[in-house]
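Working notes, structure below.
Chain IDs A, B, C, D and E follow the sequence of writing; residue 1 opens each chain.
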Amino acid sequence: MFTFDLFWNALVAGALLGGFYAAVSLGLSITFGQLDIVNIAHPAFVILGAYIAYMGNEWWGFDPILTGLVAAPVFYAIGVGVYRFYYEAFERRDDEALRGLAFFFGVMFIVEVVLIMAYGVDFRSVQAPYIGGNWEIGTIGIPTRMFVPCMVSIAMFAAVYTYLARTFTGRAILAVSQDRLALELMAADPVRVKQVGFGLGIGTAAIAGALLIIIIPIEPSVGRLYIGQVFAIVVLGGLGSISGTLVAALILGVAESLVSTFYGPSWAPAVAFSVLLIALAVRPQGLFGR
Amino acid sequence: MTRFWIGAGAVIAIGLLLAVTDIIANSFWFFAAYVVLQYVVLATAWNIMGGYMGYVNFGSAGFFAIGAYTAIVLYNLVKAPLLVMIPLSGIVCGLMGLGMGYLTLRLRGVYFAIGTLALAVVLETLMVNWDYVGGATGAYVIRPRTLEPFGDYVKFLTFVMLVLAVIAVAAARWIERAKFGRGLHAIRDDEIAAECAGIPTLRLKLIATTLSGFLMGIAGAPFPLYVGFVEPASAFNLAYAVNAIAMPMIGGTTMWAGPVIGALLLGTAQQIANVTISSELNLLIVGLVLVLFVTLAPEGIVGLVRKYFGRGR
Amino acid sequence: MISLNKRGLLAGAAALGAAALIAAAPAKAAEPIKIGFSMALTGGLAGAGKSALIAMQIWEKDTNAAGGLLGRQVKLIYYDDQTNPATVPGIYTKLLDVDKVDLVVSGYGTNLIAPAMPIMMQRNLTFIALFGLAVNDKFNYDRYFQILPAGPKPITDWSRGFFELAMAQDPKPKTIALVGADAEFAKNAVKGARIHAKNYGLKIVYDGSYHPKTADFTPIVRAIQARKPDVVYVGSYPPDSVGMVKAATEMGLKTKLFGGGMVGLQYATIMTALGPKLNGIVNYDFWVPEPTLNFKGVEAFLKKYQTEAKGKGVDPLGYYLPTYAHAYLEILGQAVKATNSLDHGKLAEHMRKTTYDTVVGKVKFAPNGEWAKTRTLMVQYQGIEDNKLDTFAKAGTRVVLYPKEWVSGKLRYPYTEAR
Amino acid sequence: MTGETILAVEDLTMRFGGFVALDSVNAEVYEGERLGLIGPNGSGKTTMINCISGALGNYTGTVRFRGRDLGSLKPHRRTRLGIARSFQIPRPFRSQTVRENLAITIEYATGASGAERDDRAEEVLQSMGLGPRADAISAGLTQIEMRKLELARALAARPQLLISDEAMAGLSSNEVDELLEILFRLNESGVTIIMIEHIMRAVMRFSQRIVVLDAGKKIADGEPDAVVADPAVERAYLGD
Amino acid sequence: MAIELTVEGVEAGYGTVRVLHGVSLNVREGETVALLGTNGNGKSTLLKCIMGIVRPESGRIDVEIDGEKIDLVGLAPREVVERGIGLVPEGRRLFPRLTVEENLTLGAFRGAARALLSDNLAFCFEAFPVLAQRRRQLAGSMSGGEQQMLAIARALMSSPRLLLVDEPSVGLAPILVSRMIAKIKELKDEHGLTVLMAEQNFNQAIKIADRGYVIVHGEMALAGESADALRENELVKQYYLGTDL
């Protein structure tokens, strides 16, 4: 059954969903795409962020997004710490590929278990004024629960993009994986640059986590569900391209939404991964790889 | 006959003896051994690609599950016996492995790993939507209660898994010593140099991925009979993918003994931890051990042993 | 749902320790009666599993305080199955062969009950299961009993009430949308609903399933809405139940009856999270604090439960699963007492013919081990105005509409107005 | 001195994006010859041998080995036909010992196995002076050892045509002489050799004929003295 | 206002291979000094030693800036850059997936250059108009000559007092080589840059150099001779074409 009404609505819903996916993928786009660190634990950090937002909301009634913003600097510091460890243990020894991957696997477990120990595995959710509302524009409905995270995500993209494009350290982050020595010849310290970049990536997880818990209830192992999706988006968008990540997230969101609406929701995830497989096979540098 | 084959023969003979007699009355040992042995096969299979050839497969769970689902199809179709299921599951997964081998043409390193992850998700979605094998609801496979001369059918399953484990390890050991294995090592070290040394890299990679897939398939084939009820979430359980990587990494990826040691240690410890300590702690320990090993003992237990007792090579 | 194997790793020392543990335990007189089971304490079903365990421990304590069974104390021996079916066979053989338990009951949920069945059948053990859906359809095992009040034909009995309610309306609904998660229970629930829909001549205008990890349900709800169904039947798990309800209220889903088989809406954490958004939904339930369901002992049990549950991150009210987790041990205990035996044949014999009195009311099993008669309640969420926990502990917020003997209020119809 | 054409390169062109690395190069190598291939940095020497060895398959033009068009034949097939190369930056199989490096190459490139393989490996080890390091893991070798291994591995393939890509860069005079001796000996045993080298002293001494590339084009082809006297070559090297 | 670089008896190499066997040279304020020789003789290694990329085994590398003497041995590359010495590396080493402008801005990462970003950018765009036209293009997609200009411009963005240039002619068509050399001369003449240029293209390099060194097998074969003297020296040709044997 096809109507234009449904089509436009699916498009809008998909774009909103994609906007949210983008927020979750942004951090990995920085750490994996720009810094060449396969941080498979990224979704675990997002979940950690979601729990922080939950705590703020549950204990003091803070707005989850606000909590996310406040937590971001703390996450930044955690990221810096994790990178230091990673650097000392793997990167400096030039031993990062497989063992680094396994390391982040371990980190993912540790984050998850700590959360399980602290909160159990019940689904948690938050309260906020924008959860539950819906705007009708003509025949198109926009749930505010999706709209607000999407907007925050785009704002976060804009902020990160501006930072990377406009500041010296930001530009160094963009360059560090392309030529480490050349960057040193620009008087930059690649290790410090990567440290800032990794911190930034993990910092976005605090906000992405807040958005996640606004959209769906969460429990500690939800993060694993996102590993594939998030990697799909980052690879699809092209490693090293922040804007590509945003576009890929939107494409994936819209694709899922369209398939969900017109074909059958149960095929939606397969569509995403099929697209990824095809992209990997045909164009490994991603849609917007440069 | 080498020492290895005498050992392998002895292991099978003792296994058979234990399985057909009641020396071990306690069938828990068989259930636990089944799981551990299944991991020996899975870890060994992973290591053929990951350790010998340097291609990381994140999708082991997908192969394991397709092995199990092939068995379910055969069960649903003709109530096929286990000894038919095993080779056919192996062949189906071997063909999947062949397909994955062609991925190596375009994908290296992390990209290949992500590609295998995506492959597993696509396969899971297919199984979820395929009602003939139970779809999301799951499929029941009723195993015979007994099989003579083993008595309890699970004793038989465990014995079969022991034989499969010996086959897998023998295959890995053969590869390690054969021209083929040396070729794989060369590919892991430098694919271009390998090609220029006259090594047909693509053909070797295809054989290795096919073989690895085949072994993962046979590890999964008896699974439906073991649990009796298979649904996608349990067959595609991430634990298989994680253990398939963690076990060789902890044991050591450079020789056949690594995955075996890793699987025996980690698998046994998991079986024990299952029935002793609180599970949240279990998971934390898996994470910590993995982090510890990859940071402090990158060559795994085999590497540590070599380091302290000379290079036994 | 991907449920990861949450296994642990121990050093060699622990292995030795465990071996010693296993080697010990020679039989002694007046040793406690050991009841073994696996329970999901981690993984996807851990929330429920933990709350069930609390209820079972209350029974253990109470029973022992009252002098135990057959003059012996009772002792629960359980292991975490991590919500992973692959661990279950190992756990039960360990319980039987190493711990030498006298009696066994199941863990929580179909996926974790089925893998234990071959072992039970192998050894002819009486097996009471906690919330398995139609497990025995495949095994046909005569010593299997099941506490979920679905009824003798679980697949269809599950949604029978929902359809009877729907068809009793005037004008009768003509079209229906079916939607469910791609997972075991939800599939079965929708399967049953599909059969009812056909039997009642309802036109199925939408029949879809979705991946349990779906983050946004808006497209699904909209696709349903576009078909303008009179009735929407949903089979879902907790996270997607929430997503579905949110999307439905946001979109202003226009239908006459909405709900059916949504797992999770019975949990206190989810009810308080959704609050007024629940109004109007008609969903299955097993026990609600309505006057018609005030069975003997239930209030006392809940009080104990609610005290125990505090701060443990589990369901704070304990209506849904804990009552039944208590009840299935009550039945086991009563059977042991009545037969004065731990003989599994005698116990099964007793269970087949007896009506038990428990905190969830009278329980009588059908020959296939299911409840002889369905008591899957259909309740409607009514008059909810806030997100407070107390709201849901009051009578009147979840009104029983089915089966007749337990009815405690009236259906507000259609959904669009009940909301 | 020289026999029939063993290798013929016809109109060989290789583009990377818009950059033309090789521009219609024609050249021949004769059986038993010692050919020097020289040119300033970036002139296309390495690209040319990548095309000959098959590492780059998408060139246009023809590469013939003993009259046979190699087309899109993969590198390992070319190695088996008798074209072996060493890499400018050594690429040993790092986790293997020196002996294993050679053994792998011998068994794959020549099909020899067992004792025959081991004997040949030993032979190559000795001829390259790598005997004492035979059982060292190759990742731990010194630069000169790595370069020797690189050459040894190419020899292990029993080539009829050996392409040595800057085997001597960074070596001391003595070491250069040592490698030159090895190459001379090899040539005497009948192997045709193409030597790419920046160390002019070595090229001049070794080569019977020299081909000069500059900016992807062949600018000279002839006897060493004549080539050096060629103003075009002087221009290429010393600049305009 | 003066800068002077002094290298004395530097020995260096990679692993066990020694590439430089006691090399000395010096560069004074305002000079353009050519470091000549064919490939593989150690020109790049010497520049790398100065920049701190390769650590010499022995010898001294000092720079005197406005009367202050700094020992460069042991400093990390970025610390050398911070002291006002820039390198246009061999092979250009641009950031291929960044735009021309991004590459240039990164050049101004150095603390002392940040404030001068817009001035320096304007200067570079004026000096290399082609870069201004292509400011939004990815560096990796440009031609070799354009890339080389970008590499030089990028090094200039750090406002260096002394610019080291490693093989600006590599991979360039002859016409571009002379243009590149002319550009370096122009920069030097108009802006008083001090330049040490390693170059294999003798004839081109000598056109703009005040003095030159010829390095052969890691030793200074001809040291510090004036450009004219080198041009006349028959030994040069021998070194280059290996006819000394």
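As a working rule, contacts are C-beta pairs under 8 Å (C-beta built on N, C-alpha and C of every residue); 3 or more make two chains touch, one makes a residue touch a chain.
Computed from a predicted model, the values in this text were never measured in an experiment.
The minimum number of touch steps separating chain C from chain D is 2. With centres defined by CA atoms alone, the chain at the far end from chain A is D. If you tally contacting C-beta pairs for each pair of chains, B-C comes out on top.
Among the other chains, the CA centroid farthest from that of chain E is the one of C. The most centrally placed chain, judged by C-alpha centroids, is A. Distance from the chain A centre to the chain B centre is 32 Å, each centre being the mean of its Cα atoms. Separating the CA-averaged centres of chain A and chain C is a span of 35 Å.
With centres defined as mean CA coordinates, chain E is found 43 Å away from chain A. For chain E, no residue reaches two or more other chains under the stated contact definition. In chain C, the residues that touch at least two other chains are 2-4, 42, 44, 182, 209, 211. Residues of chain B in contact with two or more other chains: 125, 128-129, 136, 238, 242, 280-281, 283-284, 286, 289.
Touching chain pairs in this entry, ordered by label, are A-B, A-C, A-E, B-C, B-D, D-E. On chain B, the positions that touch chain A within their shared complex are 50, 54, 56, 103, 106-107, 109-111, 113-115, 117-119, 121-122, 125-126, 128-129, 136, 238, 242, 245-246, 249, 280-281, 283-284, 286-291, 294-295, 298.
The touching residues of chain D, when paired with chain E in their complex, are 17-19, 40-42, 142-144, 166, 168-173, 198-205, 215, 228, 233-235, 237-240. On chain A, the positions that touch chain C within their shared complex are 1, 3, 5-6, 9-10, 13-14, 16-17, 20, 116, 119-125, 127, 131-134, 141, 143-146, 215-219, 221-222, 224-225, 256-258, 260-262, 264-266, 268-269. Residues 2-4, 42-44, 46-47, 50, 182, 208-211, 213-216, 218-220, 222-223, 226-227, 238-239, 242-243, 246-247, 249-252, 264, 267, 269-270, 273, 277, 312-315, 387 of chain C are the ones that touch chain A when the two sit in their complex. Considering their complex, residues 179, 182-183, 185-186, 188-190, 192-202, 254 of chain B touch chain D.
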